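Listed after this line are the structures, all set down as structure tokens.
In what follows, chain A forms one complex with chain B and a second complex with chain C.
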Partner chain A sequence: MDAFILQILNGLDKGSAYALIALGLTLIFGTLGVVNFAHGALFMIGAFCAVTMQRILNLSSTVIDETQKDFLGNPLKVEVPYVESWFGEAAGAAIQDWSVPLSILLVIPVMLLVGWAMERGLIKHFYKRPHADQILVTFGLAIVIGEIIKAFFGANPIQTPMPSAFIGTVDLGAWMGFDPGSVAYPTWRLIYFFFSAIIIAAVFAFLQFTTFGMVVRAGMADRETVGMLGIDIDRRFTLMFGLAAAVAGLAGAMYTPILSPHYNIGMDFLVLSFVVVVVGGMGSLPGAVLAGFLLGILQSFASMNEVKALIPGIDQIIIYLVAIIILLTRPRGLMGRKGVMEE
Partner chain B sequence: MLGLNSRDFRLFLIVCALCLFAPIILNPFPVASSLGESFNAGYPALMQRFVIFGLLVIGFNILFGLTGYLSFGHAAFLGVGSFAAVWMFKLLSYNVVPAIILSVIVAGLFSVVIGYVALRRSGIYFSILTLAFAQMMYSIAFSDLVGKLFGTIVTNGETGLQVYNDDPQILLGQGDPTVPHLFGLEMNSAYTWKIGGWEFVFQNGYYLSALFMVLGFYLSIRIFRSPFGMMLRAIKSNQTRMSYTGLDTKPYMLAAFVISGMYAGLAGGLLAAMDPLTGAERMFWTASGEIVVMAILGGVGTLVGPVLGAGVIKYLENIVSKINDSILHNWFAFMPDWMDNLLVTIIHPFIGKGWHLTLGLLFMAVVIFLPGGLMQLGEKFTALFRRKKTDDAKTGATNPAE
Partner chain C sequence: MSNNNFSRRGVLKTGAVTAGGLMLPTYLRADAHAGYTNAPGDTVKIGFNVPQTGAYAEEGLDELRAQELAVEHLNGIGDGGMLNTFSEKNLDGTGILGKKVEFVTGDTQTKSDVARASAQSMIQKDGVIMVNGGSSSGVAIAVQGLCQEAGIIFMAGLTHSNDTTGKDKKANGFRHFFNGYMSGAALGPILEQEYGTDRNAYHLTADYTWGWTQQESMQASTEAIGWNTTETVLTPVGAGDFSSYIAPVLNSGADTLILNHYGGDMVNSITQATQFGLKDKQVNGKDFKIIVPLFSELMAAGAGSNIEGVFGSMNWNWQLQDEGTQAFVKSFGEKYGRPPSGSAHTCYVQTLLYADAVTRAGTFNPCGVVEALEDFEFDGMGNGPTFYRGADHQCFKDVLVMKGVPSASGSDNMVGYDTVEIVEVTPRAQVEYAPDHPMFAGGDLGECNPGA
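Up next, the complex of A and B:
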């Protein structure tokens, strides 16, 4: 039983990342009808925002420390980060330690801006073009963004440590009444799961309980009629694109302690996220979230040693297998609606 | 001639001639000159890539160009073909004939299965399904899951598959060459013709690949002009209407998919025949993306476009990634220093390792401004030229009624 629960938990963090990316993809697809192959790149930009935040916090000035001498007897030059000189040593070190969570402050405005620029600058011109063209131009954009990031940050993965308070594991087994130590789970992954749950809830609440969200949902259902009612639906949809970008960016930034970001990280996640979206049902937000967690958990079950002994390597192809089976039996995906994307 | 109308026949002849004289045409500069070092492309390894990828994209164009179904997993068939060919080398002998035949057959079988499943959906779903299939096959090959299942080696995982001395090679005779050969004609042996400062290399492997590409090109012309091709185009313009007329479009689609998969398998087999090793990275989805890029750049749905696109991409890849800062400084040596340095700093991100950035930008520019690819650019130019000459002549291009 405890092994079973451990596998479900293991699936949750990957599932959360899939769910967040798929949620953004579905938002874009549902509102603007565009298949965004550059969504993985947005995830990556988010991740590199965390790297940038880390570097900003580590910016330092060189101060000559008269009390210390180097081996030649000259005063020692000490690099003092600006945050330490501004907020004091202890507070500065704490701020540096928390660079990944703090990067959220950077991610949200940057991603909103990136999303807005992408939609207004490029995607806007592709609404009337065939879907194949939209796929192709966003695919090209993904290559370009990846290469630009590579030019600035290099091709190697960059370590971005989590706050030291979260290093280690949480003994969930003891909480749930199993033997202590039987279900030990890394703290940061737990945080990531709760973080994404909050974001998903926030997005749904935004769409469900605000007037803005209501208009957007109406626009998703029937864009033309909403337009005829005198509502500038395009502007709202642009904002939704920014929101989707921000969701992807947040997913990327918070994932950095789990997987060191490199310029291709987005591509790796993108293919799986597409599979997630298709399994969930194109255009269905709950479907995307459900499928994200479902596939994440399935993948973690498939990577159990008992399963792998039975069918070696099943963990790497299970998602694709499930996707193919689901598409063949339920062509609209798990929660797809009739009439959406059925050309 | 050969069942082609005169215009197509002329096109076919031009392609034949280009393939035949490529070693000369692509080496316009003397070997020792700096221009020759940077821009000559007439060496066998690169020319092989031109024709093999040309063949691959011709096949892809039969699917995407005629039916409009965008497959994002075509590299999988290329990889399957390569693996099949290398296995033939391992089991039988280094003769390329069984290798190439088997690579086409195996890729065909795979594409029947994948096509049957993927073609149940259209549009974006089809693209994503093919992408998922290709990624699955990549994962299988990369970790050699089939091999692990049976306790043997099939794709040899990360290392890649190649021929070892202790392989059975049951047909290998005493004096047979130990490199890929066509009944004794070694693929990598070449005749070098030196004249003045120029050097032209005529390689057997290149000419075999070129022969296959010419045959593939001929077949694609015939398909484009056949009733079958017409049917595929009809499916592209309105599949629903085709279904309403009582026609089952599925067999046609599947046939197109399998043909294009077999082209990819042939290309994979040829790649292995030129260099008898292969790895899973050939099947990665960015490789599939590259095929799409080539087709789009050249001009989807045209006859020569795909070959052109493959050639341009492979040429630029080779040239651009070879250029470095010192070569640039050489070129700009005539300018004042500050201008030279400025230009080099600006161009630096786009050359050498930055080739993919250039590729991405080029690709985006083509998709945005030239959906018809380089062929459309050519048409625009000729139209401009013609209008100046005869004011009344209308351009021959007809737009589909949509």
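Up next, the complex of A and C:
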């Protein structure tokens, strides 16, 4: 039973990341009609915003310490972070410790700007082009972004630790009436799950309860009519692209303590997220979220030794297998709407 | 009426023959003169085939730094590095057999097919006489096979699978790096001493040739000291999130997790295992322990503080105090501002060993080089007295048992380099094995191929 609960938690955690990326993908597809293969790159840029914040907080002045030697026997160059010089050693260290949560302050403006620049600079020229062209250009863009990141940050994964207050596990077993320690789950993963839930709820609330959101939803349903009412729907859709980029960026930044970011991390998530979107139903926001969690949980269960003993290799193919079954039985996906991607 | 003797057919025939001749790969044309592939002219060209993009790019770029340094030293540039400490004194800084050394580089991308294509291009288009480098056993085995067919010497880089000099060994291929068996043999006694004889080990293993042989070796060495193997689980290479594989470890009854992972997989799996609280866990009254059989500096940098207290093994480390190591670290450190990694060391040494073998053989003919390297004893290259065994072309030398520690210098630039310390230099005799050992059985070295 405890193994079962642990895999559900793992699935929810993985599903959170899938759902956040798929939510952004669906937003872009639903508003702009663009199949954005560079969406994984936005997740990666968000992750590297966390790395950048870490590096900013680690900016240091160099002091030569004659009492210590480096590996070549020369006097050691000791780096003293500016935050420690300005705020004192303890406060400076605490600020550095919280670099990942603090990176949210960097992620939101950077991602809005990146999203805006991407849409205005490149993607808007492909609105009236076939989906194949959109896929090619956005895929190419993803490769370019990946190589730029590699040129700046190198190819190795970069350790981006969580605040030390969140190191360790939460003993959920004791809360659930099991043996203490039997269901211990990493604190940061639980935080990531709740963080994702808040972001998803905020996006839905924004679309549901604001005038801006109402116009966007109307535009998603019937772009022409909204335009005829004198509303500049294109401008709002550009903002939605920025919002989708920010959601992907936040997902990436907060995921860095779980998965050390590297220049290819976006590609790892991209394919899975597209499957999530297709399974959820093209253009369906609740479908993307539902499918994200569903596939995350299924993937976790498929990795269990008992399951793999019955069907070897199932952990590698489960997501695609489920996608095939769902598309065969429900061609529009779990919550797909009629008419979307069917013309 | 025309007086010239050209006919349309004649011109076509001559043109076709000339074009065909020009289109012949360089190595086929060279054969006619020297009796072996890519005989050098005034200069000798060697090929460095390393991952310059992809998951192991940092490792590959460090190999490339060391290879360039080796070429400088062979050509008499710089302080000479290990040429000054090498027990053989045949290399004098005038290139190889008086020919200046040039090099070309290829990008393996850590993909076997790409690595083969890259090596093939270096052999056919650039006319290299030897191929060196690589950061994956899958790649090494693929390129080794290609070099055997083409009649080129392959001096392997970082390849740790038993199969490279086991069932996939080739006469034209040589491995200086250690292997999975040696890691197991070196780690076994230390693990017994540190953790006792009553342990239950759970293996997570990368699902390819290196992972399989690493797991087999660790399983054999830990079972030999009385440990029980609770479970062995294969994980996909590049899985990223290993939580689904780590969660079952928690309540499996295992008290030790052996991560047969390398590169980004190791960075992620050890980080996530730490986050799941495994290092703070107690099972059956014992502290839970994590073991990573193969360490590298660049991997340790990615793992950060998660590697603290974790045992592993290395082929070589810059912290060794012998003359050869110090000479290499000084050369490399002054040129690049950082210590060399283990993979940089092995590629540097392999380049010098090849050059020395050619000099001793007095020929670039691969069969002469093979003969010179087989059963060759040397010293002064950082690993103590070393033996290149003729039976399988595996190098035998001391192996390092390492342990993750907090950074001694506190410098961010040294994370990975000073966050692992040498626990023991395991003597060569302890990691030796017979050429027909079951873990290495099934292959055939075959005959050397000069390519002619």
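Assume the second predicted complex is superposed on the first by the 327 of 343 C-alpha atoms of A that agree within 3 Å, B and C clash if a C-alpha of one lies under 4 Å from a C-alpha of the other, contacts with A are read in each partner's own complex, and residues count from 1 in each chain.
To be clear about the criterion, contacts are C-beta pairs under 8 Å (C-beta built on N, C-alpha and C of every residue); 3 or more make two chains touch, one makes a residue touch a chain.
Predicted, not measured: the structure shown is a model, and the values here were computed from it.
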item: First, second, both or neither for A:Val80, with chain B first and chain C second; value: neither
item: Which superposed partner A:Ile311 touches (first chain B, second chain C, both, neither); value: first
item: Which superposed partner A:Ser303 touches (first chain B, second chain C, both, neither); value: second
item: A:Phe139 touches, of chain B and chain C: first, second, both or neither?; value: first
item: Chain B versus chain C as contact partner of A:Leu321, first or second or both or neither; value: first
item: Which superposed partner A:Met282 touches (first chain B, second chain C, both, neither); value: first
item: First, second, both or neither for A:Ile158, with chain B first and chain C second; value: second
item: Partner chain(s) touched by A:Leu112 [first = chain B, second = chain C, both, neither]; value: neither
item: Contacts on chain A seen with chain B and repeated with chain C across the two complexes; value: 316
item: List of chain B residues in touch with chain A within their complex; value: 64, 68, 70, 72, 117, 120-125, 127-129, 131-133, 135-136, 139-140, 143, 145, 148-149, 285-286, 289, 292-293, 296, 349, 354, 356-357, 359-361, 363-364, 367-368, 371
item: Of chain C, residues touching chain A in the complex; value: 53-58, 231, 233, 236, 238, 240-241, 243-245, 247-248, 250-251, 264, 267-268, 271-272, 275-277, 280-281, 298, 301-306, 318, 329-330, 333-334, 339, 409-412, 414, 417-418
item: Of all residues in chain A, those that touch chain B in their complex; value: 35, 122, 125, 129-133, 135-137, 139-144, 146-148, 151, 267, 271, 274-275, 278, 282, 311-313, 316-317, 320-321, 323-324, 327-328, 331, 341, 343
item: Contact set on chain A toward chain C in their complex; value: 2-3, 6-7, 10, 13-14, 58, 68, 70-72, 76-79, 150, 154-159, 161, 167-169, 181-182, 184-186, 188-189, 257-260, 262, 264-265, 268, 299-300, 302-305, 308, 315-316
